[in-house]
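Please find the structures below.
Next come two complexes, and both contain subunit A; in the first it sits with subunit B, in the second with subunit C.
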Partner chain A sequence: MKSPNKLLFMFLMISSTCLVASSSNWLTTWMGLEINMLGYIPLIFLKDNAMESEAAVKYLIPQSVGSTIFISSAIISNYFNNLQILMLIAMCLKLGVAPFHFWFPPVMATLQLIPAFILLTWQKIAPILVIASLNTLLLKMIMPIAVISALWGGVGGINQTDIRSLLTYSSIGHTGWMLASIASNHMIMFSYLLTYILINASIFTFLLKENMKSYKQLFYSKESTKMFILTISLLSLGGLPPLTGFLMKLLVLMFTEAKMVIIFGLITGALMSLFYYLSLTFSVLLNMSKINLTKHMMNTKESTLFLLSQILPLTMILFFF
Partner chain B sequence: MFSLGVISVMLALLSGLGQSVFWWGVLWGYVLMYLISLVLWYSSVGLAGCWGNFMIVDNFSFSLMSLTILVSGLSMLASVRDVWKMENKTIEFVFSVLILTVILVYCFSVSSLLNFYIMFEFSLIPILLIILGWGYQPERLQAGKYMLLYTVSASLPLLILISMVLVSGGSVFWGWKFLSSEWGWLMTICASLAFLVKLPIYGFHLWLPKAHVEAPVAGSMILAGILLKLGGYGLVRVFYTLSLFSSLTVSGIFCLGLGGGIVASMVCFAQNDVKALVAYSSVGHMSLVLGGIYSNTEWGWLGCLLMMVAHGLCSSGMFFLASETYKFYSTRSLYLVKGGLVLIPGVALCWFLVCAINMAAPPSLNLWGELMLGISVLSYSTVFALLTGIMTFLSGLYSWYLYSVTQHGQCPLWVRGVVVMEEYTLYLISFLLVFLLGVAGLVMMSLL
Partner chain C sequence: MSLNKKLMIPILCAVFLYCVAMFLWVFGVYMVGSTEQSYMVEWQFFSLCSSVWSLPIIVDYISVIFSCFVCLISGSVSLFSMSYMEGEVYMKRFMMLIMAFVGSMNLLIFVPSMITILLGWDGLGIVSFALVIYYQNKKSLAAGMLTVLVNRVGDALLILVICFLVNWGEWRIGYGMTGSYSMLVCFLVVVGAMTKSAQIPFSAWLPAAMAAPTPVSALVHSSTLVTAGVYLVIRFYSTLIESQEVLWFLSKMGVLTLLMAGLSACYEVDLKKIIALSTLSQLGLMMFTVGIGFPLVAVFHLLTHALFKALLFLCAGSIIHSTMDSQDGRILGSLNYLLPFSSSCLVLSSVALCGMPFLSGFYSKDLILEGAFSGFSGVLEIVIMLMGAGLSLIYSLRILLVGVFGQSYGGGLSMYETESGYVVCSICVLSIGAIMGGWLLQSVWVEVNGFSLVGVFGKLVISVVTFVGLFYSFVNFFLSKILSKKNPSGVSWFLSGMWFMNLASGSFLAGVGLKLGKTMHLCLDLGWMEVLGGQGVFSVLGSGVSLSYLTQKGSLLVYIRMFMVMLIFLMVCINVFY
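And then the complex of A and B:
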């Protein structure tokens, strides 16, 4: 990641997202999306092997198809207003939301950890911003997609043994929640996205340190404090009540205008995903019971920061309701 | 309240002083906290607010807070051999128990439904850690997963209800009543499902025997002693706050609870594990608590409070004795655990007293709880007289069954017959429980 061309592409990726965020017409939006894709693809190549180029192609095709559908439907919808829904669908394709998610897990499974992290977090921002700036009537139609995505995120992850594909399915589920919150209030969606990115960052910091990809590797880690932190972050991503992940789900639930059925579907999806976070947590916890914890003293700086990030929102919610 | 918080923080700071100082320091800290929590009982209006409206403490909270502190202190004392002597992750254990205590104390005293919900769920994490970290068999993973998924999934409807009330009413403070009863039946189910699973009533109880069988002694003491009471407490609060009423649903839950109580009491006889038997017996007792709450009378609620406190002390004592039995026999199977009267007469006496209390023999608090609950259930409908009667009979029956099966008969040859000196201190625990129950019952008698 340190070579100058990587830095250049990183800059392209970040600035193009800003371009999408600040654009006033669909043409610049489309340009931003394309540049974003072009900036991300070279970042995939960390080791220059065949797997990565396969991932790059698998990523390129759905993304470019999505952008093409997006710009063409944006142009045509001047004449046929109904076709605006295609823009929505194109963006869902780019996001990897459930009925259009089939490119997402295979790409993630072949990526290195850093590009995987970028794909899970930063690459979500631009398409979701585009969806947020669509017509509000159109946004009502997003609810079925949101529910399917939340449910599929729950079902798909159950039998995965690779942490990256697990996180992929969890991201599909979370994107469903984000889409559900778009229709109510944008600020909630933004805070959800931000919190999601931060929790993912804490998980990936740990995974990167040990270069972990599969489930079983968790058994062999030696640093118990970090394991504990990973456990809590995973449960937080699953949305277990006192943790930060619960707070964002609560906000979505409180301010959504969706029907009961949709809320029910979202929650069922979240529950099913809690199941696989738990399985992941268990392998960590079992390992903790094998090693003697007292030998590894807590790293105070890390654990303090962690406690602040996971428990502080709790105190907020306790005192304000 | 404030001093309870300060003490718990100071106890946490003790961890720097080395294991044994920490362990015993925390235990004495529990004694101190217990004494302080007793002071809360003597408030003149029966209601005390702390930190503005953040915490409101009334009859229910006082007694359950004291129960929490007492039972968690005792559970630490009960696991001296398992954890402290074995040096089996001592500091982590103490921290889990301490955090669990603090969470539960706050859970019993916060004034808003949302905060209660959050604390209610938060209490799952430490108990999960205790079960996974200090349990014995690999099956504890399944038990932990069962427990977490059952409780979390059942409590999500409550979360939706709370968020709806919060958005429409602006607050979910205990003392106010907001909800008009449109869709009353759905509201009632949403509000009570979480607690029905937590209590648990028959049909939602599958996680409980598993969790008890796999948990270490401290885990099952806390689980039976306090965590089940969260369900009863939550039901009382929710019904008081939301003033839900839907006769059909209430009758349905009533029938499920009482009928299920009988079934659970009968299932007791089919168990071959002491701990599983005790777990099913607590399912039976808790269904009576449910009846008291749903009968919607003052007597029912007070009786439910009495029953929860009495059962909290009694069942944690039973679980402690079950773990003692395990230490002697290296098994908890009812086919093998025999002849306690010959082998360990002191423990047999404890078993006798605890079983007598579990079946609500006269001087105990359980009797008063059961009487008040029975009367309030009858006031709902006399049809339930039969069910309540059968259940009381069965509870007596399985208590004596448990006693006679474990204490009589010929003891297996491999069992060591020597009581180690240190175990005498442990028996003090169960004597203490028994003593407290007796005194509490006498006090109740003199009051009524």
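And then the complex of A and C:
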């Protein structure tokens, strides 16, 4: 990541997201999205191997299809109002929400950890902002997509052994929850997104430290304290009650105006995803007795990040009460 | 040393219980009696949704005297088990169980709240199970299961009562309350009490519980377990009078139990079972008394009955222990020569049970009969009640004629032994109670003196009923052998089998229950619950996972095609539906 061109592309990616966020018409939005995609693709290449090129192509094509559909439907919807829905679907494709998510797991499975992290977190911001700025009537139609996404995120992740694939499906599920919260209150969606990014940050810090990609590596890890923190972060991502991830889900459920069926689907999806987080973390949790928490915990960078990612989102709850 | 240590435990318990009884008698009765007031201490935990969660403790005549009698009797029983359980290895465990039993009974007595009373109530049920199966064999286990399951029915009904009482915002009992579902609540309480007191549909467990060691039977059947139901009804009486139908039901059931138990006792040969059935008939009498509206008289009878019934059981236990564990009336006999002390006390207690004037049973029984005449009960009911009361003399005399005065069919006399000092001591204490109890209670407790207007005819009938049994028994005894071998007819089979309640509540119910349970297990646990629960979810998730693998298998072009198909599908859908 040290080379100057990486820095340039990083700058492009970040600034284009800001462009999307602050744009006032669909054309600038589309521009921002395209620049964002073009800024991200060079960041994929860390080792310059064939896998990464494949990932880049697999990423490029769906994204450009999505952008094309987006701009064309934005233009046509001046004349045919019904076609506005296509914009929503195009953004869903870019986000990787469930019925349109097929490109997402294969791309993630071939990425290195840092690009994977960026794809999971930063690349979600621009499309979801576009969705949030769509017509409110249109946002009511998003609920079925949200439910399908939450459920599919739960089902797809169950048999995964690769941590990145697993996090991909978890991201699909979480995106479903975010979409469900868009219709009621944008603030909740933003705080959910922020929490999701923070928790993922703490997870990826540990994964990077151990260069951990597969499920099995959890068993052989030496540093049990770090594993414990990773476990807590994963469970927080899954939404286990006393942790931060649960509070965000609770906020979504408290402020939602959705029907009971939708809420039921969302919760079922969250439960299924909790199942695979738990099965991922059992090996660590069962070794809990060997862990001496007080010894290593307080003075490392990772634990600071962990604590911040767990505690910072809690302050955001103050907005809602 | 260790043997002595082991033997110390019952003495310690006995001394402790006697001391508590003395304390309660001296201070409790003095406090309540001198001030003529009842005291209620209430510890409130919290108040939730206008229902108060509290632990009330009531100190009044009923609770103080009842608890005093319980402690006195259980002290005697502990002392008695010194000799009766002398070969016992786990003496400590046995005494712990007895003390737990007494403790739960006291909890029940002093806490007049429906929730906290359940602690004592459940405690009695569980400990009684442990005590009934104390001799670890199959028969005891069957009896214990019957006992504990019938008690469980009562527990369930009480829990239902607690649920319904939420409507009233109040779980304290002991003063008049009424509210929505008043009659249902009263009915549930009464039926729950009937399970504990073994009234008619639930009678079978009481004779079965005789599988317990005799000291335990003495405790269970005199003052603790079976009287818990009567006690609950008495405490709840001020609410019960609001729904007369329930009281009507209670008096009918009580009088039927009285008759049924009396008749069965006349056919039974097991010494302990005869006494158990006599307890049952007396319980029926108490329930009847509450039902016709004399709760205090019922308490009085409960207390005097506790004294002489405990004595009866201890004498029987002493006889059983001294004659090499024989309790069959067909074997026992001529005990007046062998065990003069025990058999004389047996005579004393039986006579007190029959209502011999100026023994303790007389005072309470006379009051009940007078009450029945002056109350609002029907003629048929009175007649049945008089028959039942008359039967008490017959079965009491039957015990005496068979056991004490009849001819012995047992083994050699060399195997017999005499009572030990502990037994003599414990029996003496209870004998004093059986002689003096009624008089003593009437002299300290004004309310139980009773005042009923009965005509000359009524009084005559009462005396005739009390003594007609004596006449009948003697005629029967001298004209023919009581236990002569007759072919059992259908009627005697019906009467001796507790009106078939043995069969109905034993194997029949168990068979139906087990069959239902098996069906439920097959249909629900192994069937639908699996299909809709674990296995079903697993297979659905499995197919979902394989679907997701299938969709992820294709190349990029496949994904794009799938996206396009989905896009068109969604467009069509949305344009059709919106």
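Everything that follows uses one rule, which is that the second predicted complex is superposed on the first by the 285 of 321 C-alpha atoms of A that agree within 3 Å, B and C clash if a C-alpha of one lies under 4 Å from a C-alpha of the other, contacts with A are read in each partner's own complex, and residues count from 1 in each chain.
We adopt the following convention: contacts are C-beta pairs under 8 Å (C-beta built on N, C-alpha and C of every residue); 3 or more make two chains touch, one makes a residue touch a chain.
What you see is a predicted model, and the numbers here were worked out from it, not measured in a lab.
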Touched partner set for A:Phe70, first subunit B, second subunit C, both or neither: neither
Contacts of A:Tyr196 with subunit B and subunit C, given as first, second, both or neither: neither
Which superposed partner A:Leu240 touches (first subunit B, second subunit C, both, neither): first
Contacts of A:Met254 with subunit B and subunit C, given as first, second, both or neither: first
Partner chain in contact with A:Leu274 - subunit B first, subunit C second, else both or neither: first
Which of subunit B and subunit C A:Lys58 touches, first, second, both or neither: second
First (subunit B), second (subunit C), both or neither touched by A:Trp30: neither
Most subunit A residues touched (candidates subunit B, subunit C): B
First, second, both or neither for A:Phe117, with subunit B first and subunit C second: neither
Subunit C to subunit A touching residues, read off their complex: 541, 544-545, 547-549, 551-552, 554, 556, 558-560, 562-563, 566-567, 570-571, 574-575, 578
Residues of subunit A touching subunit B in the complex: 235, 240-242, 246, 250, 253-255, 260, 263, 267, 271, 274-275, 278-279, 282, 285-286, 288-289, 292-294, 314, 317-319, 321
Contact set on subunit B toward subunit A in their complex: 54, 89-92, 110, 112, 114-115, 117-122, 124-125, 129, 132-133, 141, 144-145, 148-149, 152-153, 156, 159-160, 163, 166-167, 171-172
Touch list for subunit A against partner subunit C, complex: 57-58, 61-62, 65, 69, 82, 85-86, 89, 93, 99-100, 102-103, 105-106, 141, 152, 155-156, 158-159, 272
